[in-house]
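Chain lettering (A, B, C and D) follows the sequence in which the chains are written, and residue indices restart at 1 in each chain.
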Amino acid sequence: MAETISTHASHDEHHDPSFIWKYVFSTDHKMIAKQYMFTGMAMGLIGAFMAYAFRMQLAFPGMDVPLFGLVTPAVYNSLVTNHGTIMIFWVAMPVLIAAFGNFLIPLMLGCDDMVFPRLNMLSYWIFLLSAVVLLTSFFVPGGAFGGAWTAYPPLSAKAEYSLTPLGSSIWVVAVGLEFIAFLLGGINFVTTAMNSRAPGMRLYDIPIVVWMIVIASILFMASVGPLLAGAAMLFMDQQVGTAFFDPNKGGDPILWQHLFWFFGHPEVYVVLLPALGITADVICTFSRKKLFAYRTVLMTTFATGVLSFTVWAHHQFVAGIDPRMANIFTITTLLISVPIAELCFVYIATLYGGSISLTTPMLWALSFIATFLIGGVTGIFLGASGADIYMHDTYFVLAHFHYTFYPIAIIGTFAGFTYWFPKMFGKMMDERLGKIHFWGSIIPFNAIFIPLFYLGVAGQHRRIFDFSNYPELATPEMQAIRIFATVSLLVMLAFQFVFFYNCIKSWMSTEKAPDNPWKANTLEWVAPTPPPHGNFKELPTVYRGPYEFSHPDRDEDYWPQNEPA
Amino acid sequence: MRTIANTRSVSGVPTARLAVWWVIASEIVIFGGILMSYLMHRLAHGLWADYASHTTTWVGALNTFVLLTSSLSAVLAHKCAVNGDGPGAAKRLLITSAGGLIFIVVKSFEWTYEISHGYTITTNTFWSFYYTAAGLHALHVIAGVVIMLIVAAAAKKGRDLHRVEIIGIYWHFVDLVWIFLFPLLYIAK
Amino acid sequence: MLIEALVPAASSYAKDIDFVWELVFWFVAFWFILSEGIFFYFIMKFRKKNSPKAEYISGEEKHQKKWITYPHIAVLICDVFIVVAAVKVWYDVKQDMPPTDRTVRVMSSQWAWTFTHPGPDGKLDTADDIIKNDELHVEVDQLYHYELHSRDVLHDFSVPVFRLKQDAIPGRTIMGWFTPTLTGEFDIQCAEICGIGHGLMGARIFIESKEQHESWMAKNNPRGENLLLASNEGR
Amino acid sequence: MKRIGLWQYVLRVLCGTGLALLVFSNTANAEENERGKQLFEMCSQCHGLQGEGMALSLAPSIAGLELWSLEAQLRKFRDGARGVHHEDIAGMRMRPMSMWLKTDEDLVAVANYVASLPAVTSEATIEGGDATKGKALYGLCQSCHGANGEGLQPLNAPKLTNHTDWYLKTQIYNFKTGIRGSNPKDTTGALMRPMAMALANDQAINDVISYIMTLSK
């Protein structure tokens, strides 16, 4: 085989990287993955802090929030807006797609790096720029944008309505930059997966997580265009004075909603799929089972991807679109519940006959299924047009999508992070602390959002900063529920310190992790721990699928992909 | 810097060509978004035919001709590159980028004329679409010209000849977008 | 029943919407409990200490695949029921417009609701219109059309007790209908973010009996408002 | 404010104790002015950081106005005596904001803070007003608002200097047409209505405003 690492070693010699080139301007996919991971987590902390500030306002209206100050209505709006934007675009996307995609794709496909390493670096730097741009909006006159993460015009398009003349434009620019960063990254992922697989790796030998990230990247590429165009149009409306979305001058505010949700709904699957992939890998490894019906999973995922482009208008049932359209979109929306339900059944079926060990990553992966089911089933209420008339834009919606996005962005990330931590950093994590962190996150999470379902059914609407002006919502009982949810949030946030302590402690520990601590099959565990520049001592050849656990012909219960028969 | 990953070609399509197809795929949806929005508005507003009558069809037609011609020389450049004729490819790429420049120059005169006659981007939504769609396309032309000059400079020295094909594919795409824009903005009156 | 325990159902279609909701609820509860039950049962049963060696199941063979194929068809059938119920209610509430000669005009603006009641003559845009900010007065058991406008940005006219929700769009007039069935005083909320005053943009709906409504109209002889119409040319 | 149940109070205390580690900026015992300054963050979104007003958000300058008048107007907004007319676009924006001041203490605190801000003299934006003609017309205003527009509290007449001129114009128009002052709860505003009606047309309003603007200098 021509592809040995010797070519690479000689290549490496003439640039012995200095600190800056190794850690900052790195083109190494693993370093870029870590950069994405830590930037995403830092943004996650900022987003969580925002949640803390506005949840405190909801529980104790008018209170001077410790470490934050007074949450005025304008500040409240900008907090909920940016909490949503950050958590989806600057946490879920970079961590799930970019960080795990960058780290896993070359390793799992058995190659040395991405096909375009410099493009990869550019993608990260544009992403970082976009994050900085977004955060600057908090320090400009008028403050940060406060028109919700959906940014419906005319509110977002005109300064006299939003009262944030600069904040709203900065928001649009940041989101646009972020999309460009992920377009570049996505092209890299897809091309790498199509062209650079290890010799012998057929399409059905690719680990599900790689498939999912690639499909997610394609979904993203296919859906983000209209919104990028829309963002350009919105920016022109704000700054140049065009009238794309201004009804008084012949524009149409509903157009934005179509452009936004044409992207916005597939976006849910863009972040969902990588999390599902991570879960699949973790569940297979820790139940020592082959993934149930690999090909069905793949086909179902494709079907979900295609269907996800046909459901967007269920976000607009009561938005003034032609009411006849709602009937079509009710059908497509309920149809998409079928493949998602099927994926859940597959995961449950995978557990059957397994030999399950409840390690920290496994706990996270299992809780993903358990909680995502709640998010999934509550979506049916909202997809059914008749019921959505009442539920639309209530806290029921809010609780529903937190039950999808929390499993995706938080649980999925922790499952992947704890599972691949040994490979990323070369150290094992502390299991006991990991479990404390797990229970300390998962119980308060449910305690936050189950009450919010109740509040939503009781008719409480979103994005209202203080309910004491609504006599029916200002009852002491409902206020008590709000306080309960907020206290749960505080508990959950407090437990995150356990995680950071665990990370630092494990990272500092002197004990090195073995190359394949979980006895898993996929190629990243073949590489040395942590993988050096160039990843493998000798680039592997693949002989079988990724989930050959407990094969009857073999004594050991795992069978690495690169081991000859 | 080339990685081993970059030299592999499991799908049979060279990596760079594969990537440019994906770039084009994502660009198609961007332009698709604008054009769909334009069409929806156009169908809903009969008035727009009147606004559109102020565009100058023959200028648009001239530009169409220029772009199509430049695409032809991009094809010829590719042919040279396949035969290993770097300087020949560079020459033909220069002709293509000259076509792109002519397109931009014609466009700037056209816009100057229109703006000085009071048809600015804020006049009404038709003109907003006109300037936004054509402006975004013009940005692609400019980017294409710049990249093409870089590729041509390398090709002249016989380096990176595979890039001639890549920039050619991109240029055909830019051309194709104009083929959609021209009838929508100029002809449909 | 489930929703009514929290929010009274005060319109003719509120119970239909609640019915769809509950239909979904029971279907979903069934699937949720079933799958979570099996899920946790498997986790308990196939723990490493109980089953040290895992089975090798590809899931690709027909007799294995049926375990996901059958439930998936069953889900599809449940979906059909839900679609039928949802579309039927949707048609009644949003597509169908039962005729009536009572219309109220709802004008939303940053950050107030302006309700134009037709007054004793039952017609809008006449001298006896009663214009009220943040107060909507309607008579019980009467079919009303509403005419929804917005002055600036998107708003959403949401009356939880009616289970009614509709966005207001500047530049468009959106028509809808409701029939109040309970007397009392309830909340109206704005359900679409409309700027910094969004959270304070509440209004009240007063559903009155025929006598109460008539006396309210008599009391609100719209003097102040109409002086304004007369003096508008001074601008 | 709403009465708080006992166990809810306990929850609050527990929560507060939990946070005690984090609390560095406890304002519970801070000066009233501190509270007013803090609350003013809300107002500054529209009225500007120094209360100088912002035409974009239809918010007039409020800095340095008299305390009594600021307080009275805030109460009117909050209690539904002003800003409830459906044509009062700026008023309908202000009314919800005033409802944010839930207690009288907060209301007074923010009024105090605004009154303490240095008064601003804004540029004239209305053209075509004749200050000399306006001076003659001002004779009527003078009896309540004073010869130099300094206002007279016993007559509930606020000072007219240091206002933005477009605000004065809108208000005169509003009084004239009954958008303001016709609400039965607004007893003091009702007094202004006949006075505003004395200004026959647009030109007269512009003239008198031009004159008032000269008083601010």
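To be clear about the criterion, a residue touches a chain if its C-beta (ideal position, glycine included) is under 8 Å from a C-beta of that chain, and two chains touch if they have at least 3 such contacts.
Because the structure is predicted, anything quoted here is derived from the model rather than measured.
Contact count check for C-D and A-B (C-beta pairs in contact): higher for A-B. Legend note: the chain whose CA centroid lies nearest the centroid of all displayed protein CA atoms is A.
The most distant chain from chain A is D, comparing centres defined as mean Cα coordinates. Between the CA-based centres of chain B and chain D the separation comes to 57 Å, rounded to the whole angstrom. Distance between chain A and chain B, defined via averaged C-alpha coordinates, is recorded as 34 Å.
With centres set at the average Cα position, the gap from chain B to chain C is 48 Å.
Counting partners per residue, chain C has 110, 196-197, 200 as the residues that reach two or more other chains. Residues of chain D in contact with two or more other chains: 45, 97, 99-100.
Annotation for chain B: no residues touch 2 or more other chains. Screening every pair of chains for touch gives A-B, A-C, A-D, C-D. The touching residues of chain C, when paired with chain D in their complex, are 107, 109-112, 114, 131, 133-134, 151, 196-197, 200-201, 224, 227-228, 231-232, 234-235. Taken in their complex, chain D has these residues touching chain A: 1-2, 4-5, 7-8, 11-12, 15, 18-19, 22-28, 38-39, 41-42, 45-46, 49, 56-58, 97, 99-100, 102, 106. Listed in rising order, the residues of chain A touching chain D in the complex are 59-62, 64, 66-67, 69-70, 72-75, 141-143, 159-160, 163, 165, 466, 468-469, 474, 476, 479-480, 483, 486-487, 490.
By the touch criterion stated above, chain A contacts chain C in their complex at residues 72-74, 76-77, 146-148, 152, 154-155, 161-163, 247-248, 253-254, 287-296, 318-320, 323-324, 326-327, 330-331, 334-335, 337-338, 341-342, 344-346, 348-358, 366, 369-370, 373-374, 377-378, 380-381, 384-387, 389-394, 454, 457-459, 461-466, 469-473, 549-552, 557.
Chain contact summary for the complex, chain D toward chain C: residues 45, 84-87, 89, 92-93, 95-97, 99-100, 173, 176-179, 182-183, 201-202.
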